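Following are the structures in question.
One chain, chain A, appears in both complexes that follow, with chain B as partner in the first and chain C in the second.
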Partner chain A sequence: MKRRNFLKLSASACAALAALELKDKTIFKAAYAKTAATSPQLPGSLGAKEIPSVCEMCFWRCPIVGKVKDKKLVKIEGNPKSPANGPRVCARGNSGVQLLYDPDRIKYPLKRTGERGEGKWARISWDEALDEVAHNLKEVKKKYGPHALAYFDHGASAEFMRDIFKTLGSENYTNEPAFYQCVGPAALAYLKTYGYITTGTRQYVDMQNAKAMLLVGTHIGENVHVSHVREFIQGLQNGAKLVVVDPRFSAAAAKADIYLPIRPGTDTALLLAWMNFIITENLYDKDFVQKHCSGFDELKKAVKKYTLQWASPICDLPVEDMKKAILLLAKNSPHVSIHPGRHSTWYGRGDTSRHQALAILAALFGAVGVKGGLYFPTPVKKGHVSFGCAEEEPETPSKSISEDYYPFASTFGSPTSKIIEATRTANPYPIKLWGINGVNIIQTIPNPYQTMEAIKNLDFIFCEEILPTETAIWSDIVLPGATYLERYDSVYTYDLLTPYLTVRQPVVEPMFETKSSFWIARELAKRIGLKCFNYNNEIEFIEEELKGAGLTLKGLNKKGGIVAYEPNPYRSSKDFKVATESGKVQLSIEDFADEDLDPIPRFVPTPAPPKGYVRLVYGRSPVHTFSRTMNNKWLHNEVPENPLWVNDELAKQVGIKDGDEVVLENQDGYRSWPIKVKVTPGIRPDTAYMVHGFGSRSKALSKAYKQGVSDQFMITEYEDDPFMGASSHRTNFIRLVKAGKVINLPELCPPPKEIPRFSAKKTKTGGK
Partner chain B sequence: MSQLAMVIDLNRCVGCHACAIACRAEWAVPVPYRRNWVKRLGPDATPKGLSFTFYPGLCNHCDDPKCTTVCPVDPEERVFKSKSGKTKKLAIRATYKDPFTGVVLVDKERCIGCGNCVEACPYGARYLNEELDDPKADKCTFCVERMAYNLEPACVRTCISGARIFGDLSDSSSAVYKIVNSGKAIRLQSKEVAIGPNVYYIGKDKDILLLKEKCTPHERKWENVKVPMRRGILKAAIRKLAKAV
Partner chain C sequence: MGYYGANLKNLLNKELAYICRLLAQGFTYPNGENCSDSFFSAVEQVARALDISCKKVSFPLSELREAYTLLFINEPNGQWAPPFSSVYLGTQGMLMDTGRDEAIKFYKKAGLEPVKTEEPEDFLATELHFLAELVDSGQRELLSSFLSAHLLKWYPHFYARLKALEPHPYYLLLAEITSKFLNTLNQEVIDETT
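Showing the complex of A and B:
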């Protein structure tokens, strides 16, 4: 055999080896900035130019640095100066590179040529695209009034364009699926109990200093927000005990000291019984309750009937286990993290109450404003910027689809389900134009069949998008947005345990003909004739925001793109004050009573699965964000599809094996694409689970198309939360179809008489 | 003698896959090859309770690596130098174990891309990068290139929960030394495959049980390399020839 003429290692590797220093354990502590000088010849990402910015692969928005060589982004790392994540980013943060360089990206403005949903487009100019959008906004407003315009928004890209809809006078200028399909009920419950949104985008719960933690349906670890996960793990490392309540053995349950596999839909029963238990057994913080809470006597009376013995058959949990868990939490109070949860649109009726119950439990333990408990935000100052758009709320129509249906909806915008209903039925008024920005509504809102039907009724629909999602293929005009890596947005502040201020700035130039969200909104406003966005570019208003913090962009970048501040999360009993109307933590909420809603949580059961079906629940994969990342080359390679978790005992009874391929059929007769079964003891027999966001129906997404199954297309039945109009997502049931044969699933945990059974309606449109 | 090693703490690991992607980004590892992976295990029953854990894996930089023994490239003498000035002369093939760091590396200049070492690794930690015009074997280097700039391996740097502990097993003050010598850490090896992997795992009993059950190698893959070896060399030769034509 011919041998290769070996001389030596390549110059760079050789240098690397020669410089190895192993004896010192402080080897890695050298300041990052002082290491390799910028030199694209070095191996790996070494020697890259580093540009500080902010991630938006999810909405936790970790500070990052983009590492650029020869004008190409080679790697993303956490900003080493960040007090929250340091040099760390999650799998998705690391994979931003592949969002930027996704070959399927929308490269130019597009105009639909085929039918809506067909995905046939023609390339048009920016002028033509913007003129057409502006013309339609004006026309629809003229013909049907301002409220005929509706805007679906999510994330940083959506913020500027929102002002256009607001200025045009629509009450539907914001209907964030992120609120009405996700955090809404929890956010409302905490806002009313504590006077601030303890959970929404962020959760103010001090897990790293907790002695015990309670998670109800929250699966930290599968839901990855870097600083939040770090605090959770740090708490556990410090010895905190963990109680997890979940029908599924999640990544968080796997780390629990006590795991309670509760019957879905009965969490509030457990929480009410626990409240009654700690009040009856005198395990609550009397001093805190007396000094800082209102409504205790009413609460005590209201929960009296809920005993552990009562809850046991409802929750399908032994009394002893429930007692052990609450005693463990009580023993460690007030330093207990009663996690407020986040995604809370589960069952419609009862969602706000469930999170209110969690909020009350924390107060009964006095676990607020103390180490390990809920804590207060530390506001970080920045300058106020006025774009010259409407600052006042638009005038509400004679019949509002927000406040006239749900008393607490308008705090946050218009409920998504009501927008869709008004678009379908013209009741109470017609909605004829949708603008969509930063959200794939088809894979986000229950009953996508209904959403598509509504879209057919529109005069016009447009979106700003990065990838050709289902929403893009249903749009008339698609505006190609720049990714978060190619644009400025604004100054971001973080008010949790490690407060900081940072700014999003481009790490590379926008690719193709894509444009920044600010540019798009500004150009659009100009064409409509709105006097809006009176800054020439993002840098002008960023400087103004920074000025308010005593900074300049240049100065901030000199500091590594980020400035950290001291936190102020805790309160002494003397200084304890909350921003509710009474100035006290509200254990009973009068605002709710004024609207004939329960001022104190009450157990309202969600119907049990019909015979032959199990409940479909969903969650997250740590490598994916909603339905946004399934086309990402690196993330798709890690987790390309979503198996259906089926209980091992149940699978055995019906002859399903691990890895079998099945089709799901829901209670309305809708069928899924084929999905692989994962047989596991880690899920209850009355429940099946899959990760949300898979099963894209857009052929233009070359990796995501038809990969896995969409939970959203199985969620056709939903109920609105009576407090604020959020839509339920866990009120659907499935059975399996294997090799064309329908398999009815036996009932291994029959519900008690207190829980009614879901009665299947007539099949809607014959199934799909 | 130094031996770089890693301990992965499954109590800290949440299975987020950041390590796998950071490695891919750092070294531009093409999909679907990988130097660094996370396998999700369970939930499954174990004698110590229900477990849902992860197998974050990478090259083990074994004490007795078998991948280096199946390389058909003729050995060549090379002088290795330690930072403290010690030298050691060794005859090495195109893949070898560095005597001063214990890191198993590929000499890309001499690798002929036959794929023998890829076949031989019982952990599946190597790949033949056929995306290259001239395919080469590749694998985790413990990021020795980064260490020259005082940077820890890319997977360690990005690990969101601090689950990866990296250092020198010969340094009694290092965290890896302390953990490994506490007897709490396990290595993924069996009666059949006992080649001294230098990636260790710690965690709850149930998680370690599941990890061992699902991920311990039993197949002495390097012993099967004989036939593929000829095939691999032939393939490499044909590839070269084809390019020349």
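Showing the complex of A and C:
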């Protein structure tokens, strides 16, 4: 082709182009040295600049080092100076690179242009996005009052924006799914028993020095937090005995000396019977109980009726096995790790009591403040920072959706179920605006169908998001958040067995127009007219925090970004004291009694599956976090979907084979997408299991969409924990549909008369 | 050499650089400047010069902004065409991968660096701007290798993906102009040097 054929620009065309003054639009400058291109490049991460920071692929927050070359993150490793994880990170920690560079990311502020839930957007400027959010916050407050504003949040970075909702006066300024969908009941039980949150973000249990360990439903190894797993493995390496109670043969169960495949929903029965057994057999630590506990006589009396013989048919466990297990634990006391658990929102009723029972069991063994037992945090000093936001709690409305329903809910905020109900029904008051930050509420809160209905009632909904999740799809304004690798947060302190102080700091510049959570909150506050966030940037308040620890950011970075401290986890009998009201470990909790709740756990059965159904339970994959990581290509490549575990005997009876594809139908007629079956003896016949977090409904998540099945979309029935309002997640039942034919599942482990059967609502056919 | 040099001098003229920059602007988020009558008119004229039939180009800013967002930024159904070479050239389908590294190597060879922009360095508009720089400065060999060893290795994949989406007619037109322009330019460079 010759040039004359190629370009036939007329004189007027040339003039038109010239008139655009495009030359001035150049975006290049002379800068790179020409020789740089020829200088030898070291392979991989060799020669990379190393920047210490803190991981957020899960919320254990391991110290990491980001390796950066040419302004690009090439590798993530554990911070070798970290006394907790050292140079190790888990698969997710490694894969932060993929989160940072995921093309699916939310890149610019977006405004909804289509119907709500349709996800049609146009990019807008930060000014326009923030002005719109600020305007709606003010308008809704003016029209309906402060409590019409609700905020769902997760993670430390979401706390900045939380201050805005609090300052605006809403009682619904913190509705963390982390509590109401996860650790709330356990945290409350331990807080009231021991005076500190023995299990919350962290679990203060000394497995590495234990002589025996008890896990009830906890599946360490599949649920991975690096230093926690290491301590568990170290304990086993040291010869610790292990008892695992779980309806599923988990990774931890495979390491157990005694495995008890308990009937789901009956754990408290087992724990109560064990308590009674060690009291009646004089296997408890009398000295510890006498000196450091209150309420023992009441406890003794309350648990007297719970014998191993009583528990056996309820738990579907042989008396001998239960006995062997408790004797094994008793023999090794006080150096026993009664693991407090973490995710505890299982059955609604009885969740707080189950964890209270675990807490009491540890106390009866004297397994508190000693090697191998529960231990005390070692506070790491840092400077106090005040952002100048509302210091006082907002005024409670005449009818609170928090404490007027659940007496201990306000410890953690407002229950998510009540927020959604009030949004749907305007009872006890209307909620008209949601802000969401750091959590995909559609895949986190039970009955997403109700959540989506509630969203339709809102005047306005916005979120700060990293990926185009279902929540983003439903939002009116989407604010693009920077990942943990692109932003500062706060100083992090770790108060477990290897205390340290470190700081999250950016390893690379934020991609596109993404911004840090602090920047977003500060800019928003300015537009609302709130006198909040009296620091110009994160570095200013980080320096303030570090000052309190005698450090500077530069100084900390010179030390490798982390400073370690001596732990103080144990207490002699003389020094033992706890921060409860009585100053003693509370085996009976008066605060509960004052609210007409059980001061001592009792067995309240959770209904058994209706005929033809099995209970649906769920757990974790070692390479995924909640529903947050399924779009991460490296992790997706490792575990792309979640098979449904079905008992082999059950499968045989209904002609289901390993690898078969089925659809799930729950007790309310809701159907899932197809899922592969894993036929295994490692699950009870009355239970089916899948890993949580799969089956994304957001087509904008190119790797996660329609991969596997969402357990959340099968959870339409839930009840709230009466203590703090957390929502149950294991109160739903499924049957199978294969090739369009509904398969009713035979009952191979019929429940005893003490356990009522769930009465299914009128079953819909055809699914939803 | 003199012969080729003479032709090259003709080839690398300001009109070609204008076209590169016009297309670069076209693939930039719609603003007042790249969404004006004069801009649309220039697009029309370039299309005609490349024998691409087009009706009168004129679209409201808001319409193009929505279309651009859904095609090149985020689309709720995942039906979008990422305008970044790394997505097509790397093995991982991620941003900031080998495509970006390749682009930077070319920029370095030319002694250039993009001023700080929001997008990664391998953004289509940035690469088209770079092409304009090469045209302007008459760096024939670098232009040739940038086209054949980089831009034309990924642009056809991007274009195919975009076409399959049945996109907004304006962006389909821009993509078609770009495709024809790059291929013809490449062919011309080959012809000039053989």
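The rule we apply is simple: the second predicted complex is superposed on the first by the 723 of 768 C-alpha atoms of A that agree within 3 Å, B and C clash if a C-alpha of one lies under 4 Å from a C-alpha of the other, contacts with A are read in each partner's own complex, and residues count from 1 in each chain.
Heads up, the rule we're going with is that a residue touches a chain if its C-beta (ideal position, glycine included) is under 8 Å from a C-beta of that chain, and two chains touch if they have at least 3 such contacts.
The structure displayed is predicted, hence computed values, not measured ones.
Colleague: Who does A:G78 touch here: chain B (first), chain C (second), both, or neither?
Modeller: First partner only.
Colleague: Which partner does A:K633 contact after superposing on A: first (chain B), second (chain C), both, neither?
Modeller: In the superposed model, A:K633 contacts both chain B and chain C.
Colleague: Now for A:A700: first (chain B), second (chain C), both, or neither, which partner does it touch?
Modeller: After superposition on chain A, A:A700 lies in contact with chain C alone.
Colleague: I'd like to know which partner A:V623 touches here: chain B for first, chain C for second, both or neither.
Modeller: first
Colleague: Looking at A:V224, would you say it contacts chain B, chain C, both, or neither? Reply first, second, both or neither.
Modeller: It touches chain B, and chain C stays clear.
Colleague: Output check: A:Y108 vs chain B and chain C. Expected answer is one of first, second, both, neither. What do you get?
Modeller: Once the two structures are laid over each other on A, A:Y108 reaches chain C alone.
Colleague: Considering only the contact definition stated at the top, list the common interface residues of chain A for chain B and chain C.
Modeller: Overlap of chain B and chain C footprints on chain A: residues 1, 3, 6-10, 12-13, 16-20, 22-23, 25, 27-30, 32, 36, 97, 633.
Colleague: Mind pulling up the chain A residues that touch chain B in the complex?
Modeller: Touching chain B from chain A are residues 1, 3-4, 6-10, 12-13, 15-23, 25, 27-30, 32, 35-36, 43-46, 74-78, 85, 87-91, 93-95, 97, 220-222, 224, 226, 229-230, 233, 236-237, 249-251, 253-255, 259, 622-623, 633-635, 637-639, 680-683.
Colleague: Applying the document's contact rule, which stretches of chain A touch chain C when the two form their complex?
Modeller: It is residues 1-3, 6-10, 12-14, 16-20, 22-23, 25-34, 36-37, 70, 72-73, 97-98, 100-108, 110, 113, 118-123, 468, 473, 511-513, 633, 698-702, 705 of chain A that touch chain C.
Colleague: Report the residues of chain C in contact with chain A in the complex, numbered from low to high.
Modeller: Within the complex, chain C contacts chain A at residues 7, 10-11, 14-19, 21-22, 24-25, 29, 33, 38-39, 41-42, 45-46, 48-50, 62, 65-66, 68-70, 73-79, 82, 84, 86-87, 92-97, 100-101, 104-105, 107-109, 111-115, 117-120, 126, 129-130, 132-133, 136, 184-185, 187-188, 191.
Colleague: Show which residues of chain B lie in contact with chain A when the two form their complex.
Modeller: Listed in rising order, the residues of chain B that touch chain A are 2, 4, 11-12, 14-18, 20-22, 24-28, 31-32, 38, 42-45, 50-53, 72-74, 76, 81, 83-84, 94, 98, 100-101, 107-110, 112, 143-152, 154, 157-162, 167-168, 171, 173-175, 207, 233.
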